[in-house]
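In the two complexes below, chain A is the common chain; its partner is chain B in one and chain C in the other.
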Partner chain A sequence: MGELRAYAALAGGKWRSMLSYRASFAAELLSNVGATVLDVVTVFVLFRATAQIGGFTLAEAILMTGLTAFGFVLADMTVGNIDDLKRYVRTGQLDTMLTRPLPVLPQLVFTDLPLRKLLRLGFGATIYGIALAVNDVDWTVARVLLAAVVPVGAALFFGAIFVLTASFAFWWVESGEIGNGFTYGGRDFTSYPITVYSNWFRDLFAYTLGFGFVAYQPALALLGRTDPLGLPAWAGYVSPLVALPAVAIATAVWRTGIRHYRSTGS
Partner chain B sequence: MWSGFRRYATYRQATIAGSFTNIVFGFLRCYVLLAVAAGAVGNRPGGYDVEQLATYVWVGQGLLAVTGIWGWTELADRIRTGDIASDLLRPVPPVVSYLAADLGRALHGTLTRFLGPVLVGLLFFPLASPHRWQTFPLFVLSVGLAVLGSFGCRFLVNATAYWLQDARGPQMLWTLGSGVLAGLYFPLRLLPEWLTVTLWVATPLPGLLQTPLDVLVERDSPALQAGLVALQAIWAVLLLWLASVVQRRAERKLVVQGG
Partner chain C sequence: MIRMRELRKDFTVRVKAGRLRRTKRTVSAVDGIDLTIEPGEMVGYIGPNGAGKSTTLKMLTGVLAPSSGEVSVFGLTPVPQRTRLALRIGVVFGQRSQLWWDLPLGESFRLLRHIYRVPPAEHETRLRRCRDLLDLDEFLDTPVRQLSLGQRMRGELTAALLHGPRVLFLDEPTIGLDVVSKQAVRSFLAELGASGDVTLVLTTHDLADIERLCDRLVVIDHGRVVHDGSIEALHARYGSRRSLVVDLDEPLPPDFALPGATVTGSAADGHRVTFALDGTSAGTAVAGLVAVASVRDLSVVEPDIEDVVARLYQAG
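So, the complex of A and B:
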């Protein structure tokens, strides 16, 4: 109970500090939902020029985009702020967190609880819902279950990527924007059918890093389409499981990193 | 200006990290646009052929760090903390001193961050090479005007902190709007024509990225290209003038924070 109260105090402090700059908060709320709106608008703009991208129609592509948006925002809301870890490591502020009797990861999450991203989450979920409705999905029990589990799997996967890339800072303080290439880059990757990418680039992101199983393979299973790239139909149903090894690896790296941390000495 | 250059030159690792990310996004955007081209009428979406599209994406990724539309919060931070007071004591107006530092930053970006993405693009994709002699000087001029325009916009966004204290909101709106309306996510010519023309004339944003790239890939006739660059110049002058007006107004009402 005491721990919960401590987290509530951290979140409450953040809440009050945001409300003291109302105009800025409103603008933040707006631009946050705007970011996801733009991702979806971009897909519509691209489809103005062509009927199919990578062999998929607009409705099918929007299913992947919506799924990605929903899962990504869910992850971004909960652990996205961990991006700031490099600032905490560089300035030595992480020491303050280590001296408190609470685990560091939840502290980082609650000191900057991004309520401004709520609107965005709603938008992502809506796009996913609409995409499921406009595509002619042949609903079976397995597909209903899959449709419910996939956003959670995507969120866990993106969450793991956030933690992993932020952990770079324990070894390389100046890692700067490298993490963005995998978090936001990964999001852009899974927003489109992976058939648009080719060669080693697709192999690397889709299969080695696992991004192909976040939205593309589950979307194929939901749509009942065979994979033009040759994976069997059941691959889509088991693909949310890819989140499990990702979370395990991220947890292990995070723990090693925390133990490796030696402060700035100031 | 040199201090601006040296300051960015200190962070060599951040330079490498930034280039890496630009390159990843170059691959992502290039593949998607090429897939659009594969299905478009005559394989020319928005009037660009495949080579022009690839050039657009990769040179665009290189230019991002030159025009530097994102990530400058220094002025807003100094206003919030009250450090701005020491800038006002200097004999040089803040707009001029910040502009000089920004030109140094842009020069550093040109020498370090521009070439990486362009070379990677050249290695993996067919890029277009210019046919007209005037394209190259016009491109250099256009990039220079983009740097000035970008600085003007960012100064104005940061200056909202004089009135709001916390400029995070306007900054996020700027990051959001500038990326898409400068033509980073997709070439603006993919939009309906009336919208493209409106954006070009009514906002400075296409001048921050789209205009230099269109000049380089020779999307338009020479006369139209010169016209677009002239439009960029008008916007750059207007923005710098606005920045200095806003700064003077702010100085009159400024209450310095802190003790």
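So, the complex of A and C:
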């Protein structure tokens, strides 16, 4: 309970700091939603050229895009700013977080809760809702549950990728944009039916790294389609569980990383 | 209360060797430190840049994990028990702020109360004491980014004390401050230390901090302790002596000798002579002088701690 108040205080501090720069907050709010809108528009543009992509219609593809957008923004809004870890490590400012009576990861998260991404979250949720409505889903109890769990699973999965790639900064201060390849690259990958990708690339990203279970596989289960790539129907229902090993790995790497922290001179 | 045993911290650095090759080299920032600090002590930690002062402090506060050796504070091992330790220690890193840059100073204190889960009444009492002693009232409502360095440092000290820590670690608390702000910080810390409730461990380059505040001086160089004791003990060990400078109407006769003192310098054609006092009191020496020469002016110079420390650094 006490810890929750502490985190609320951290988040509140950020909120009030932001209010001292109102105009730039409004601008960021708008430019941020713009980015997500563009991601979705891209899918529409693609389907202007062809009726089907990788064997899927526009409505079906939008389900995957919406799912990805919703889950990703959820993760981006909560732990996405952990990307700032690079800066904290490079400047040694992480020292101050390490001398407070709270774990570092939630401190980083709550110190800079990017509320400017709030509109994006609404947009992602809306697209997901619309996609579920236009797709003529044969609703069963299992599918209702799945529809509710999948965005959370996707958010956990992307969150784990955020934490994992941010942890690189503990070893390589100049980790720069390497992490973004996995976070934003992964998001773009899961926005489309994975049938569009070539074999080795798909095997690596979809099955080895697990991105295929974020949106594609659960979308198949929701739509009641058999997988053209051959996985059984139940695979879609259990795929949100892929978030669990991802979170476990990310936590382990984070913990190892923080012991590698070297701080800076003085 | 604070114990370090064979404490080491090694860093691996990559050194350029040829155009693309890099070779790894291990550098010991802290190279086997043994130190015990008792409750209520005021310990000054000095050493040249890169000697390992900050690294030691960071291992004591749980920021860095030691490479080997033991460290314990209140019986807690800082790295795995970092969050529990944090509730009982206060930390001021002179070069890092723990205040909220864009918020009024008072707001930072309020947030810290929640972070450290301090009961409101205790918070209020401690804050009032700091407000009085550090004159915070005039800038309590000013955003931290608009504070002067001296004001901000007073804010940092308050922030580190609001949860009532029993140990206060200060890394260069007076760095960059003007004379008045330095005085304010020093007298506040002196008062804090005199109360006996708080153990102070501070690193500094300003030896006046040490002379004013610390009864124990630890000198560290190349990651090792080269002196541990009082300032007087340092002087005794390095043979730094008080000296007597006299201005004379006439130069002293060449065969002149003053018992218990040796001539260490002569200037202005022998009109100004400096004696180092080995054991004899200044009074006896002066009496011996005026008996044989006409003394126009004289001064007694205390040994300069800066010189001693400079010699110590060079020796290492």
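The rule is simple: the second predicted complex is superposed on the first by the 260 of 266 C-alpha atoms of A that agree within 3 Å, B and C clash if a C-alpha of one lies under 4 Å from a C-alpha of the other, contacts with A are read in each partner's own complex, and residues count from 1 in each chain.
Keep in mind that, in the parts below, a contact is a pair of C-beta atoms (placed from the backbone, for glycine too) under 8 Å apart; a residue touches a chain by one contact, two chains touch by 3 or more.
Everything numeric in this text was worked out from a predicted model, so none of it was measured.
With both complexes placed on chain A, chain A has more residues touched by B than by the other of chain B and chain C. Contact with chain B, but none with chain C, is seen for A:Ala51 once the two complexes are overlaid on the shared chain. Once chain A of one complex is fitted onto chain A of the other, the partner contacts of A:Leu98 are limited to chain C, with no touch recorded for chain B. In the superposition on chain A, contact is made by A:Ala35 with chain B only, not with chain C.
Of the two partner chains placed by the overlay, neither chain B nor chain C lies in contact with A:Asp136. Within the superposed three-chain model, A:Ala27 lies in touch with chain B and out of touch with chain C [touch as defined at top].
Once the two complexes are overlaid on chain A, the chain A residues touched by chain B in the first and by chain C in the second are 21.
Residues 2, 5-6, 8-10, 12-13, 16-17, 20-21, 92-96, 98-103, 259, 261-263, 265-266 of chain A are the ones touching chain C in the complex.
Those residues of chain B whose C-beta lies close enough to touch chain A in the complex are 11, 13-14, 17-18, 20-21, 24-25, 27-29, 31-41, 45-46, 164-170, 172-173, 175-176, 179-180, 185-186, 190-191. Those residues of chain C lying in contact with chain A across their complex are 11, 50, 54-55, 58, 61-65, 79, 82-84, 86-87, 89, 91, 93-98, 100-103, 107-108, 110-111, 113-117, 143, 171-172. Interface of chain A with chain B (complex): residues 21, 23-28, 30-32, 34-35, 38, 41-42, 45-46, 48-54, 172, 174-178, 180-182, 185, 188-189, 192, 195-198, 201.
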